[in-house]
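What follows is chain A paired twice: with chain B in the first complex and chain C in the second.
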Partner chain A sequence: MSAWRVPVALLAVALAYPLVFRTNFAINFGVLVLFFAVIGQAWNIAGGFAGQLSFGHAVFFGTGAYCSTILHVKLGINPWLGLWASAAAGALVGAFIAALSFRFGLKGSYFALITLAFAEAFRILTNAVEFTGGGLGLLIPLKRSAANFQFPERIGFYYTILALAALSIAIALWLKRSRFGARLAAIRENEDAARALGIDTFREKVKIMALSGALCAAGGTFYAQYFLYIDPVVVFGADKSVEMLLVSMIGGTGTVYGPLIGAFLLTLVGEGTRALTNAQGLSLIIYGGLLIVIIAFLPNGLIDLFKLRWGRRRA
Partner chain B sequence: MLEVEGLSKIYGGLRAVDRASLRVAEGAIAGLIGPNGAGKTTLFAAITGFALPDEGRVRFAGVDITGRAPHRICAQGMVRTFQITQPFAQLSVRENIMVGAYLHTPDRDEAAARAEAVARQVGMAALLDRTAAGLTVAGRKRLELARALATRPKLLLLDEVMAGLNPSEIDEIIPVIRGIRDAGVTVFLIEHVMRAVMSLAENVHVLSYGKIIAEGAPRVLAADPVVIEAYLGHGAAQRLAGAAHA
Partner chain C sequence: MSQPSHRLTRRGFIGAAAAAPVAFGVPTLLQAQARPIKVGLVHPITGFLAYSGGQCRMGAMMAIEEINAAGGIKSMGGAKLEALLGDNQAKPEVGVSVVEQMQEAGVSAYIGCFSSAVALPATQAAAKYNTPFVIDVGASDNIVNRGLRNVFRLKPGFNACVDDAIAGLGEINKAAGSAAKSAVLVHEESEFGTGTAKLLAGKLPSIGIEVREVMKHANPTRDFANLALRIRGLKPDLVVMSNYQNEYVLLARTLHQQKVDLAGMFSVLGGGFNYKFVKELPDVAQYMIDTNHWFDPTNARAQAMKKRVEAKGDLFTFEVYLAYNAVKFLADGMERAGSADKEKVNAALAASTWSDHFMPYGPTRMVNGQNTGGKAAILQASKTDIDVIWPTRFASTKAVFPKPRFS
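On to the complex of A and B.
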């Protein structure tokens, strides 16, 4: 029972938040935290749980953003349906990249580089061809209605991304307790030993990359619908990949709540500096400083602060 | 149970394993000995699918498993341990063993129960909640054993589980291995600790320069001139015999 206390309490707080803090700024803040938590968790289930460090998760994010947007803008397909198509496309791209890389035994930094290469290739391709809108990107025509995944009120977006965030945390909780998750941890810790104990490491790694890709792509669709504009640099750029792994690393890789904590801090710094000053790039300086402090004192991420408190209470 | 026929593993110009043939009978404790670099671990790797053999056949429980992937061989009931221990370092002992137990059940509670039972069997029940990284060498060796056992093998290949242990730790682990066999698991072990080989194995194969040069009961082999020469060099058997007469 006690295992459910933390997620239930978090969910209750998250559900109540926009009812208490009703300003656009506050709700936008909540949306961004949850959005980064979703894509950070997508990275984390592959990079943290299974140890498959990707440096190009933007490839899934962009795939999702473009998939639903092209379906919507060019073919008139409802973005709610597009969300599912995006997740499927993300899973396919994830499985494809994984199958290709792992078939040839790529690991560690080589795998990171191949994911980066794929993200860059996708960015350049979308930039080059006609039906993606090329370098100009795609504008989603404004038609505010919930049925159109364009909520008239921000709070609709908030609850949508909350549902995705809850799903992402549910996936992480499930991985912590399931056979699949145990196998991923075994692969992360020692792949040869995992094989010796009967684990089909290739299949498990392809599965987690597909799941990670699907979740990340769903985040991409949300992004497109929230901002109503995407272009190759924004959704396939290395910045997005870095954001995802930063969120996860600052909070704590391989943990259930690490990405949520990281997303909160990152959004706080980003939105806080933007609200208080108009100094360009100040938030980047603060990010850099924070990163150094965290790497120096909390190499496992901010989640260690919480663990320390629990440990002390138990002792 | 295990039949190896003419198995070779070639690295460049080196025949690390050279047309090795051997049999391990069901219910036995069989040994594989040989000087350092003889190819024992490579032979294990070629049997368990970690290295693709260049020649020869491996039959396990009547099925040809030559060149199958390690995870498939494990699922069929043959599992190996590693000479250089390969723990899942950041996981607890319990979680380590559960990975093995999950082979036959998707259920977490069942896997945990199996892990506890196996931990008792190898004498590490008190260490279940320890992180694997914090174990001593002896603890890591036992963990290798426990994880492999948790997969419910029919045949267990142990690669030097006693290397690096002190004499009293060796005395503790010998009955554990005998107990595993008595519980119905066939055991095939590589071992340098001759005391352990003598007391455990009924039948021993000797590997030298990749070739099986002798086979038999350990006591007989210890007096075999071919085996003595493999370990001590050409003419050693004769010199030893001369020294004994003098």
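On to the complex of A and C.
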């Protein structure tokens, strides 16, 4: 029962949040925190749990955003169905990149670079072909209704991204406790040893990349429906890959709640510093300074703060 | 019985001084002073569009200071405009956050966003509150054609600029005995460059100019050597460019360094075509032609503002006067609305026939939020200045076309 205390308490707080903080600004803040937590968790289950570091997770994010948007704008398919199609497309791209890379023995920084290359290739491709709108991007027609995944009020988006965030944490919890998760941990710690123990490392790595791709792509669909406009730079750009990696690193890689903590802190710092100062670039300097401090003093992420606290209590 | 003392003590004096305004009704006057009207400026102040965003902010702030110095919005009891400054970092999600943040702060209207990718979601966010949003810079026609009743744009969009460019280029080329018969289009990869190039590719043949190739480049690109070699190989009469500041300058410089002979270099909304370019690279800039937003050079107020900006050591770029005029347009709407009520201001802006600007536009005529009176000008750089060469009624000089050859 005690194992469920943290997720249940977090869920209760998250459910109550928009009922307590009712302004659109506060709800938008909550949406951004959960959104970054979802895509950060997508990176974390591959990079943190399985040790497959990626610099190009935007490839999955963009695939998801473009998949549901093209289905919706060009073929008239409802974006709620598009969400599932995006997850499937993200899983396929994840499995494809993983199979291709791992078949040729790419690992570590080489794998990270190949993911970056794929993200860039997808960006250039979407820029070049007509049906993706090229550099013009795709504008989703404004038609506000929940049935159309365009909630008239932000609170609808909030609960949708909360559901995705809850799912992402459930996946992380499952990975912590399942045999699949244990096999991934073995691969992360020592892939040769894992193989010697009889683990099919290729299959396990492809599976986790597919899962990570699916979750990240679902985040891409959410982004497209929330902002109603996507273009190749916005969704396949290196910025998105870095944001996913950053929330996970700052919060704590390979942990269940690290991406959520990282997303909360980085969004808070980003919004806070912007609100505090209008001096050109000062908010980014403060943001960067804070990141350096966190990385210097908490190399395992902010989750260490909580561990220390709990550790002291137990002692 | 002692007489009451009439001696004024220090304590008594302070007390009387504090009480006097109450007795004379000063608080009533203070209450009557109109509350400031908050105007949100949503520009990219950091990131790769920081320079342009900073120029927009400067223009908007100059207009706000001018309006306040002239007594504020008179129909609202002299209410002053108060700028809320926001940095959208050229990111859609940040733009939306800034809009929400300003809404919490009680904003009455927005000015922004320079980037179309930010303007699209930011205007939508503002539409939830029906808050007026005046686009100062942002070329995409999608910004104003989605039926959002709170969005207005004073300047012309892609389509209108390209139409003006084609009309003007057609006339200039005809006057030069059709010196240009072929062109290569070079554009940056985002919505601005791609959209402009797509329209140009479709319309250039209508004025007898064949498009030999359309070339796209990434943002940022710092080496145009290969692209220049390809252009040289294609031997076009014209190179038509649509790119942001740095890429515009670098491409022009590379073509000049490689001595690629052309009848002319023409651009539509060329991001780098400004006084800075002329000042820093006069040999490269000379004879280059651009279709862009430009002030009416015959307007004395425009020239006075140009001097004020340059006196501060800044450049009078299109961002400055577009943002300046966008704020003035908004203030005129508020003046006529006589209230900061969003519905009333939106209605006043939609019905606007404002002509107190210094753009070559004539009175504003809003259709679906777009000023249909907006017009781009065709400009040509000399070694020291930029002149309007089309439309002829605003022209300050005649076009030099075709330009002298290197060989």
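Operating definition for what follows: the second predicted complex is superposed on the first by the 307 of 315 C-alpha atoms of A that agree within 3 Å, B and C clash if a C-alpha of one lies under 4 Å from a C-alpha of the other, contacts with A are read in each partner's own complex, and residues count from 1 in each chain.
Note that in this section a contact is a pair of C-beta atoms (placed from the backbone, for glycine too) under 8 Å apart; a residue touches a chain by one contact, two chains touch by 3 or more.
Nothing here was measured: the structure is a model prediction, and the numbers come from that model.
By the touch criterion defined above, A:A186 lies against chain B but remains apart from chain C after alignment on the C-alpha atoms of chain A.
Partner contacting the larger number of chain A residues, of chain B and chain C: C.
Look at A:G76: by the touch rule set out above, it reaches neither chain B nor chain C. Looking at the shared chain after the overlay, A:L142 reaches chain C, while chain B stays out of its contact range.
Legend: residue contacts after superposition of the two complexes on their common chain; A:D239 is shown touching chain C, with no touch to chain B.
When the two complexes are overlaid on their common chain A, residue A:A194 makes contact with chain B while staying clear of chain C.
In the superposition on chain A, A:R274 contacts chain C only, with no contact to chain B.
In the superposed model, A:F227 makes contact with chain C only, not with chain B.
On chain A, the patch touched by chain B and the patch touched by chain C do not overlap at any residue. The touching residues of chain C, counted against chain A in their complex, run 45-46, 50, 54, 85-87, 91-94, 96-98, 100-101, 103-104, 117, 120-121, 124, 128, 142, 146-148, 188-191, 193-195, 198, 216, 219. If you check the complex, the residues on chain B that touch chain A are 48, 50, 69-71, 74-75, 79-82, 86-91, 95, 98-100, 102-103, 105-106, 108, 111, 147-148, 150-151.
The touching residues of chain A, when paired with chain C in their complex, are 23-25, 28-29, 32, 127-128, 134-137, 139, 141-142, 223, 227-229, 231-234, 239, 270-271, 274-275, 278, 280-281, 283-284.
Per the touch definition, chain A reaches chain B in the complex via residues 177-179, 182-183, 185-186, 189-190, 192-201.
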